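Shared between the two complexes below is chain A, which pairs with chain B and chain C, respectively.
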Partner chain A sequence: MVDLNLLMSTTIYGSVLALLALGITIIYMTTKVFNFAHPRLSLVGAYLAATAMAVYVQHAGIKPNFEGSQVLGGQLIVPYPASVYIIGFLVAMVGGVLAAMFEYYVILKPLLKRGADFLKLMIATLAYDFLLMAVLLLYNTHVWIKKTLKDGLNLIATKMDFSAYDFALITQGQTYISGGFILAVAVTVVLALSLYILLFRTTLGIKMRASVENPPLAEVLGVNVERIYAISWIISGLTAGIAGFLMLLEPSSGSLKPISATSPADEIVVSAFAGSIVGGVNSIFGSIFGGFFIGYVETYVTNWLALLLGMKELFKYSRVVSMFIVGLTLMFAPQGVIALLREKKVVDRILAFVKGRRGEK
Partner chain B sequence: MARAIMKLENINAGYEKLQTLFDVNLEVPEGEITVIVGPNGAGKSTLLKTMFGLTKVYTGRIVFDNKDITKLPPHERAKLGMAFIFQLENVFANLSVRENLRLAGHDLPPDVLEERIKEVFETFPRLKERVDQKAGTMSGGERQMLAMAIGMIRKPKIFLIDEPTAGLAPKLAKGVLENVKRLNEQGYTIVLVEQNVKAGLEIGDKGVLVVNGRIAFDGPASELLARKDLARLYLGVGGR
Partner chain C sequence: MVNVVSLAEIIISFIAIYYILTVALNIKAGMTGIPDFGHAMFFAIGGIVVANFAARIAAAFVASQLGVSPGEAMQLVIAENTAIMVKINEALATKPLLSIMLIIFSIVVALLLGGLLGWIASYPALRLRGDYLAIMLLTASEGLRIFVMYTKSIMGSTPTVGLTTPALFAFTGDAGLWSTVFVASLAVIVYLFAERFHNSPSGRLFRAVRDDEDSAEAVGKNIAKVRRDAMIIGSAIAALAGVAYSFSTWIAGSSIAAQSIFDRVLWTFWPWALMILGGMSSNRGITLATIVVGALIVGPIRIYKNQIAAALPVDKLGFDPGNFASALEFTLVALLILLVLLFRPKGVIPEPPSYTLKPNELKELVKEAGEQLELSEEGQQS
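== the complex of A and B ==
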């Protein structure tokens, strides 16, 4: 029987990974930088959003309401008014964008102008990651906890467990649909569609694709390639911020909580990069696929192994599954799974295999 | 002599710390074809790229249409009416013909852009047949055609063309140079770097010989073509 809670939790996790992998891929395609600080950008969004939501809730005198109202034969439980979530969503995006722009303009662009190579840029992103980690930890332990204690906000700050914000649709019986799950799916689909329209239906999209493919040619045709790079960083920061907001809605019932550790970005970075590599570091839509793929495989393989071996603590090592998939991808499909599928030979082989199976029956 | 649309004054330039051009002074007459020739590695393409801001200028001044453009980035030069056609990778292989043309005229009003696309299709009817095809799937000659069409969309004041016949079969190369001549007949000023010295100078008005990053000859193309001593020494043509 399908464990609905696990499925919902994994879907949110997959969405977070898809959004993070998407941001990593966009930046790699445009500026040729493997941004190790990217998952941490999402935490900047998450922290700022959580702060803004808490402050807003307190100042507006909003009391959480866990009573449900009847909708479509079910019970909708939204503890806070929509305005709280909208504020959190917007602040998370702004936080992600600001952190990304700081990284690009203050750290990477000056290095790029000095002709820094791939390795130097990568190390610089690691340095920025450590810097952000320190700042967030300082904020977590000094500012956030003090604020929480002083004002008595109903949040467990040290573990960053914001599941109080999750909302739910409880249908007849015990079926529970997490609000985070609904939002995660909706946001990822809307974002993917928006990106498709931007890239393939607008002049800005043509400029972006051109700047990725051949920057000098785009430049001589009057495209301000540096501005296009800056736009890519904005989009990347935006997706990181949204991922951060989704982390806030991770249901506590799930087996995987990306932000339950003090410094979750240290772990999630592995899975986010795995998503980008599996989808193909040069494929925007591949990265979305890769993120979901890693999210599901990591969770379900670990779950299955834990049950098989009777070892619950295996969940601590779920990232090993991601690393294993990355290894397989780099060995057999270094351009990513999507690039492999694009090759007609592979599609033909799969079709021939399917036809063969049908023929046997 | 025609007005100089572009002037290079005492240019010293190169790539970061590697200087490849030394004290270059050059004038490009408006409405004419200036052909730059020279041995391999002499700095012909660097000279062309320097005109467009694709190299580092250490000292000197570049004036285009009476405006000092020495410090302008390439995308700003494009807006002033300059077009550059690279030797290789001069179209976006992953974009369709239409997308390539749309990108080239991205800052034109939509109706003007559509009109310009129609005009280039009249000049290069083959491109109209390939309008939705990805540029990467077209033949070398068709890609050169598209590269020129991309340049024409903005109706630039000057075309800088880097070795358009490199790697093409002689018949295709001849066609490409005919297209260059046709562009010039439509009123465009052209600076052409050409490896096929004879064919290039034959369609040119002005000839420039670059040797070791310096200008070794600057005069009428026909005169350079007739200079057997220079041709033998630097260009590998002319015989004994």
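== the complex of A and C ==
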């Protein structure tokens, strides 16, 4: 029997990682810097979304839908009207984009103009990460924010957990399909499709790919490379914001809880970069695959190992798994798994290995 | 409130610990060009050595006084840490010889283990370049942090509380003063080492590899060996900083926790900030930056941050004073580093040139050459 709740929470976790890895990859492809602040951008989205939803709920006088509430799997689920979620989703995107644009225009662009090398850019992104952490720390301990979140959505500002307001779509007995799960899958698929159309079916996409391949040549041919970079930062911020909104909807037992100024961005940074690297830092669709891959592997491999070894505590070490995956990928397939499979090197290598063994005999 | 003497001791310990840690980073990142964003994991080795290994050995030696067998005592150090460490520390206060032996043991073991971890970490450092290596080391550090945090036999059952450290300076009567003196003298030794190392043949080789690998290889230098040596030396010194931190009763307090010794902000980012502020690969610049930042900004802010927050009317604006103070430190370090990167990317004292000879020897050589030139010119004229 498949544990449906675990599958759903893992999928939400996987899609958060996929969106984060996507943002990291886009920035690496254009600006050539690993953005260490990226997971924190999604927390900005999560906090702004929660605040906006709380304000909206209070001002519009909306009450949670107690008639539609159910106790499922030991958790009371009290949905709000759809408008609340839509507002949260939109505000999360705006928050992510604003935080990303600030990073690009105020911090990285001046540094790039001064000819900073990759090391200085990386340190600058780390510095921005701490700056955002300080801002979030001030934000979530502010009296007004605490009161708004408490009155509007009954959330504790330093440990946000929105999962009780998730909505159950299909119920049968105690099992149900959660709305957050459907949303996570739908958003990732829609985003991947629209990115595909943007990159391969529009003029802007051709310009973007040209400025990634060869920036000076693209500039000579009349492409405004700086604007392309700005657009890539907007896309990156957008995905980070959506990831932040999905974080809110993850069940309270999941890997992304609780949400505060430091958590989960501090821990998730390993997994998000793992997703980006496994998929290949120069492959947008590879990063989406990589994020889901890391999400499932972290959860299921540790679960399986815990069962195998009879150690219940093993699930705490799940992120050590992604650390190993990063190490192995960088050692043996630095271009990422997708690139490897595309070149069919895997098959060739296995064949060569088998042949080599036979030759030895 | 702390009095003036204690304040001086706190600031001196603070500067000494950060100086050792920054020198370690400078050998890796500044001199050899290895972007080590996992510096905290080498620092943490020192903390683990003192809080775990040294405490267990102390327990085994004083087990007869506790009324248990040495083996049991070593297990109790983890299982009932707080209760047993109080007794062990009482016993240690009357045993100067054991304390001194344990201090020497901690330093030697931390240097060895730090070097070992650096050697392991140099495996990717030989194969990866630039930003990939930075990601790899950051990931390794975070992974190791998670591993240590949840492994009870390393740092106790609660990641935020951790283990009580053995009071190795209690026998002196004034642990605060003598730990400060000891840590400061370690820093002086490291300063002398770093000054000599910068101009030594291996120091110059490290910088040659950083500046141009191909030309270093062309003159027959083994690049892989150089990068490995830099990782080993730098990581061993970082572990020494961890030991110094654990010794210091002013900075670490009476216990150290897994979460605090692996802290990215404190032990990876602050050294980077100090190194960039002082000037990469510039030992005197780092010294100046550590002293100025330690004495003027970080020391007073860490100690008085609650008073500062209380003095500013932040609670009237609705902020929480305690969290405001923490946010203040994060904001200051972030702004400091961003401003330095923007306006002074080479640091306050840029990297000095390598002198191959002492200045007065060089002067004599120049003088001799000048005399010879004059002689030859005279010869030509006549």
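FYI, the second predicted complex is superposed on the first by the 307 of 361 C-alpha atoms of A that agree within 3 Å, B and C clash if a C-alpha of one lies under 4 Å from a C-alpha of the other, contacts with A are read in each partner's own complex, and residues count from 1 in each chain.
Here, a residue touches a chain if its C-beta (ideal position, glycine included) is under 8 Å from a C-beta of that chain, and two chains touch if they have at least 3 such contacts.
Note that the coordinates shown come from a computational prediction; the quantities given were computed from them, not determined experimentally.
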(request) Based on the superposed arrangement around chain A, label chain B with chain C as either clash or fit. (result) fit
(message) Let me test your reading of the model: by the given contact rule, A:274 touches which partner, first (chain B), second (chain C), both or neither?
(response) second
(request) Please determine whether it is chain B or chain C that touches the greater number of chain A residues. (result) C
(request) Have a look at where A:214 lands relative to chain B and chain C in the superposition and call it first, second, both or neither. (result) first
(message) Once chain A of both complexes is superposed, is A:128 in touch with chain B (first), chain C (second), both, or neither?
(response) second
(request) Could you say whether A:59 touches chain B, chain C, both of them, or neither, answering first, second, both or neither? (result) neither
(message) Contact-wise, after the overlay, does A:320 reach chain B, chain C, both or neither (first, second, both, neither)?
(response) second
(request) Determine, under the contact definition given at the top, whether A:114 touches first (chain B), second (chain C), both, or neither. (result) second
(message) Looking at chain B versus chain C in the superposed three-chain picture, what is their shortest Cα distance in Å?
(response) 16
(request) State the interface residues of chain C toward chain A in the complex, per the touch definition above. (result) 29, 35, 37, 124, 127-128, 130-132, 134-136, 138-140, 142-143, 146-147, 150, 264-265, 269, 272, 276, 318-320, 323-324, 326-328, 330-331, 333-335, 337-338, 341-342, 345
(request) Report the residues of chain A in contact with chain B in the complex, numbered from low to high. (result) 115, 203, 206-207, 209-210, 213-214, 216-225
(message) Using the touch definition from the top, list the residues of chain A that touch chain C in their complex.
(response) 33-34, 36, 107, 110-111, 114, 116, 118-120, 122-124, 126-128, 130-131, 133-135, 137-138, 141-144, 266-267, 269-270, 273-274, 277, 313, 316-317, 319-320, 322-324, 326-327, 330-331, 334
(request) Spell out the residues on chain B that touch chain A in their complex, using ranges where they run on. (result) 16, 52, 54, 73-75, 77-79, 83-84, 86, 89-95, 99, 102-104, 106-107, 150, 154
